[in-house]
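All chains are identified by letter, namely A, B, C and D, in their written order; residue positions are counted from 1 within each chain.
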Amino acid sequence: MSVSNTGWTPKIVAFCCNWCSYAGADLAGSGRMQYPADVKIIRVPCSCRVNPLFILRAFERGADGVIICGCHPGDCHYTSGNYYARRRMTMLFSLLDYLGIERGRTRVEWVSAAEGAKFAKTMNEFVETVYTLGENRKLRDIRCRK
Amino acid sequence: MPKIGVFVCWCGSNIAGTVDVEAVSEAMKTVPGVVFSTNYQYMCSAAGQKMIADAIHEYHLDGIVVASCSPRMHENTFRKTAQAAGLNPYMVEIANIREQCSWIHKDKEEGTRKAIVLAKAAVAKLLHNQPLQAGTSAVTKRCLVIGGGIAGIQTALDVANAGYEVDIVEQRPTIGGRMAQLDKTFPTLDCSACILTPKMVEAAQNEKIRIISYAKVEKVEGFVGNFRATIRKKARFIDENKCTGCSLCMQKCPSKKGRDEFNMEMNNRPAIYIPFAQAIPNVAVIDPEQCIKLKSGKCGLCEKVCSAGAINYQQKDELLEREYGAIVVATGFRPMDPSPLNELGYAENKDVITSLELERLMNAAGPTKGTLLRPSDLKHPREIVFIQCVGSRCDENTNRGKPYCSKICCMYTAKHAMLIRDKYPDTNVHVFYIDVRTPGKNFDEFYRRAVEQYGVDYIKGMVGKVAREGDKLMVRGSDLINNRQVEIAADLVVLATAIEPDPSARSIGTMLTASMDTNDFFTEAHAKLRPVESPTAGIFLSGVAQGPKDVPETVAQASAAASKVIGLLAKDHLVTNPCVALSDELLCNGCSQCEKVCPYGAITYENREVRGPGVREVRRVARVNPAVCQGCGACTVTCPSGAMDLKGFTNQQIMAEVDAICL
Amino acid sequence: MKKIKARALSLLADGTVKRVLGWERGEDAFDCSPALFENEAEMERFVYGTCAGANLSKYCVKMGKAEGKTLVILKPCDTLSFRQLLHEHRVERDAFYIIGAGCTGMMDENGLLAKCAACKGKEFAVYDEIIDTEECRLPTGTEKRMEQVEKLENMTAQERFAFWQGELSRCIRCNACRNVCPACTCIKCVFDNPGSGVQSKAPVTDFEENMFHIIRAYHVAGRCTDCGECSRVCPQGIPLHLINRKLIKDMNELYGDYQAGLGDNERTPLTSFTKEDAEPGIIHERGNG
Amino acid sequence: MDQNTRFLTETVLRISGVDPRKCMKCGKCSGTCPNYDAMEYHPHQFVSMVENGLIEQLMNSNAVYLCLGCMACVERCPRHVAPGKLVGALAQLKLRKQDGNHKGGNDIAAMADEKVPQQLLMAAMRKYRK
């Protein structure tokens, strides 16, 4: 776990599709590959189930980073779900960036059921990035902090 | 508020080692809604399950959270437990505190903290769960087998013998596959054709089996029990029902420059041909690239000599639409092309050949009628060098081949060496090897026989260079045991090339949404416990499509796949996943956005009278067909009004999880 | 434009239409509000001129349920909204008689409207007849449509954040933007639905109005025709259209040019895909902030 | 493995970037080597001996200098081990160890006159300053 001097640790929500990335996360577990406990996984059937509302809600409630993991493009269990997710997330992230919110807090990564090592690596990297960015303030109070 | 029970599993020391299970179950007692919380050594054991059932009865639980291993492991187990105890199986949530907690964290305090958060998230979700009822869907009692090699044939025979219809779709003009090209089979050395062709005939004669050769599967829609496939049957320019396989046309055909694919292109064949004498169907096919009539309109000799009147130059590709309950992938393999390994000189030297080419050279029906003659000058080779592991076992950072062991090469090389020494005792045979891998019944005995009885010279080392000098091939390699470099003036060099999945596999995998590994082999649902099923329901794996294997293993796997297919087709109905999309007609705008993203065409629109508080009007609203919906949730995000939701993963459930994790 | 009024009167008179959806004169020359006229007497108040900035498409969703045909007067950019509603099955073509009204750019007391300064063109996407003059076919826009978006993109993240903080902090959640938006036609908005998890009538936390505008922009993404009504009606003068335009710009750049309300394809960039689409990481690679 | 050997081994592995554990002992390198017979130790032995701490033995052998640097073993190694790099690294290490040969930048400059070709100067720098 990354702990700053102030004792702050990032809260990270990872949405993982049931068929590839969740299984990839399980594989990382069976391989005893370490990644920070800051990451908590929410299982969804497909990356296309991730509503931007969920992501905003997470930030609103104090998440410092949100990552969406799905099957590799072309490998979606539902054929095309991740293609839609790819466009949706690109647009959402772009919009957040446009509003001045740090890019590093959001990420999409394709992790197959066989990529336990990639899952662990991705999570380590992401936590590192979010850790450098520090606590999420912008997404919680865009108005008053002047 | 619903009454919830929490059950924390130790999984021996797997969880309890890094998570204070007692602390977790204590902490859960303070969570609103939780009326009972405990921990136990193995929740999945009979005693553990009884503990759950007892608690459900005693505390009148409305739902349970099991904090244990991944839901991919035991979600079903605990759902059944709950159901047996009178609870709706969908009132069960799993907190994954093993794979996603205890196994990845070393610090016990940290692991415990995380486990509590995960368990709380599961409770938060469960508070929004609704009991769900699974529906059913009918099963089409027919099986599609893609690939007509020994794997496909065996699966088809077994399924057909159980009384179900089977279609074999084979891309080549005949079934038989790679095994038909082999000369002898290890370790018994019986002739491959002698054991394969009776099976081919059996398949052709089985009235439940339909062989669709020279065809490919173009499109597959639907889901387990209800697949619909579009099959393109390529034009053979022959009426299959009329052709008698007399092969007169082959003799008369003036265009004889087609490369004989069956003989690994080592000789020519006519433009109209039957791949080999025992082909099934025993029907000719015209190669449109070679046929003079099809290319220039002149000739037409075959039409004149065909007494059956089977030739039809106007024949077009034909599209078949068929419905299936199960699909078996038996797409097989091909040898890797060793040309890029230029130190071995495969591209430049005719006398450097692959093992499959040697099979044809040794086969009585091959280009040399079974006499071993080297391709360049048709002389008897006196010195033969075999090189093993060509393109196998390579590091992925090199561009030298496959990372895996191709598994069959050690044995077939021993077979080749033995057969040559047996038939031509005056020929010296050397085998360069890294390791000799012979796990299998009577396999090592076989290899030892090649060495001890037939005097095959096994050299522990690899070949660095093959260079032509006059009519010899100078093979330089290392002899690690004797710590020297050796040079052999060989007449023939045989490369035991790696095998790779048939190039059609990738597109078939994509079409079936069946997952594949980085080498394009199909992935099994579980490496140990479900080795013949794809993770995609209704898709089964047979033969080398799943990974390198020899004939006996292929047949075993083919029969195993067949038994899984039979198990599926024997059911009249399948229980469908109740976690499907549902549209709230009071919120639905009827805007048709969700329909656009549904991969299954499960959403339709209808004008319906909508009744609600203060509402009574006819509106265009979306309707989800629960038998077709697979529950991906694409529609739920597209819907701007939030009318579309996904049962089992509702907006509220997921948001409750988000809140529990973030707070 | 007397011709339009005359034509409307005659269509009312011969029974082709039962009512007219247009604009009425208010207190001063700039006050020109959407209004419904059902007879000749009511038509006295009808007006069409350079202050008829309001897009009448949204009213069609409700009017489409009334008995008999409704005459609706649509400016070129308004027809895009109407056609988008057709794509979404929110209006039925047969329920409307559409007069395409020529437009030379609309203004209010502050001069040319922001949406007209970046005029999208003078083509009508759907109509039964067009009444215009030569002058109406000349382009009015002087500003490039994406100019301001680009300016924002070129700022640093901190500057952008400060800019939007300044703008969005003025939001009073009056819902005018939502209520006027011809793409926001949900029977029940997620913000009014207790089950949606984001219900909020007024922002309680600072984040909420931010979230309101992000979600609103996201919900209309691909369906927004960039009609500019959101900014026009905002009592606080927040340039909300710049949020939607950013999405339009991104979709055009990443997924090919697309204009909501044009063509017959009912798929928007977010309900379609190609296998070669850019990865979301592209957001990290683009832009200077 | 004593401390010195461990230090030498680690240095050689760091310089060469070779991971000897990736070797599957196939002998492709030695089968490929054009100067095999001249060398006391052969390419595959370099890999194995470094792994087993027999590094001093290698450094005391002429084999290090007899490698032609043809890179055939590097190119053809199926496991991405690249024994040639190991031989090169050993040669470099040998040069570094010869403390008596060490000369500072100024020493080399002092030895040079204007007729010394640039290339020779570079080579001297490379050789003596390590």
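In the analysis below, a contact is a pair of C-beta atoms (placed from the backbone, for glycine too) under 8 Å apart; a residue touches a chain by one contact, two chains touch by 3 or more.
These numbers come from a predicted model, not from an experiment.
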Between B-C and A-C, more contacting C-beta pairs sit at A-C
Compute the distance, rounded to whole Å, between the mean C-alpha positions of subunit B and subunit C.
51
Report the inter-chain centroid distance for subunit C and subunit D in whole angstrom, where each centroid is the mean of the CA atoms.
73
Just how far, in Å, is the C-alpha centre of subunit D from the one of subunit A?
46
If you average the Cα atoms of subunit A and of subunit C to get two centres, how far apart are those centres in Å?
34
Sites on subunit A at which at least two other chains make contact:
52-53, 57, 74, 80, 84, 88
Which parts of subunit C, given as residue numbers and ranges, touch two or more other chains?
190, 196-197, 270-271
Where in subunit B do residues touch two or more other chains at once?
597, 638, 651, 655
Chain pairs that touch, by label, are A-B, A-C, B-C, B-D
Which residues, counting only subunit B, touch subunit D once they are in their complex?
343, 389, 393-395, 397-398, 400-401, 432, 434, 460-465, 476-480, 483, 485
So in the complex, which bits of subunit A are touching subunit B?
1, 11, 13, 19-20, 22-23, 25-26, 28-30, 32-35, 37, 40-46, 48-54, 57-58, 61-63, 71, 74-81, 84, 88, 112-114, 120
Okay, in this complex, where on subunit D does subunit B touch?
22, 24-33, 36-37, 42, 44-45, 72, 76-81
State the interface residues of subunit C toward subunit B in the complex, per the touch definition above.
65, 87-90, 185-190, 193, 195-197, 219-220, 266-268, 270-272
Report the residues of subunit B in contact with subunit A in the complex, numbered from low to high.
70-72, 96, 98-101, 103-107, 110-111, 113-114, 117-118, 121, 510, 513, 515-518, 523, 535-536, 579, 597, 599-600, 630-634, 636-638, 646, 649, 651, 654-655, 657-659, 661-663
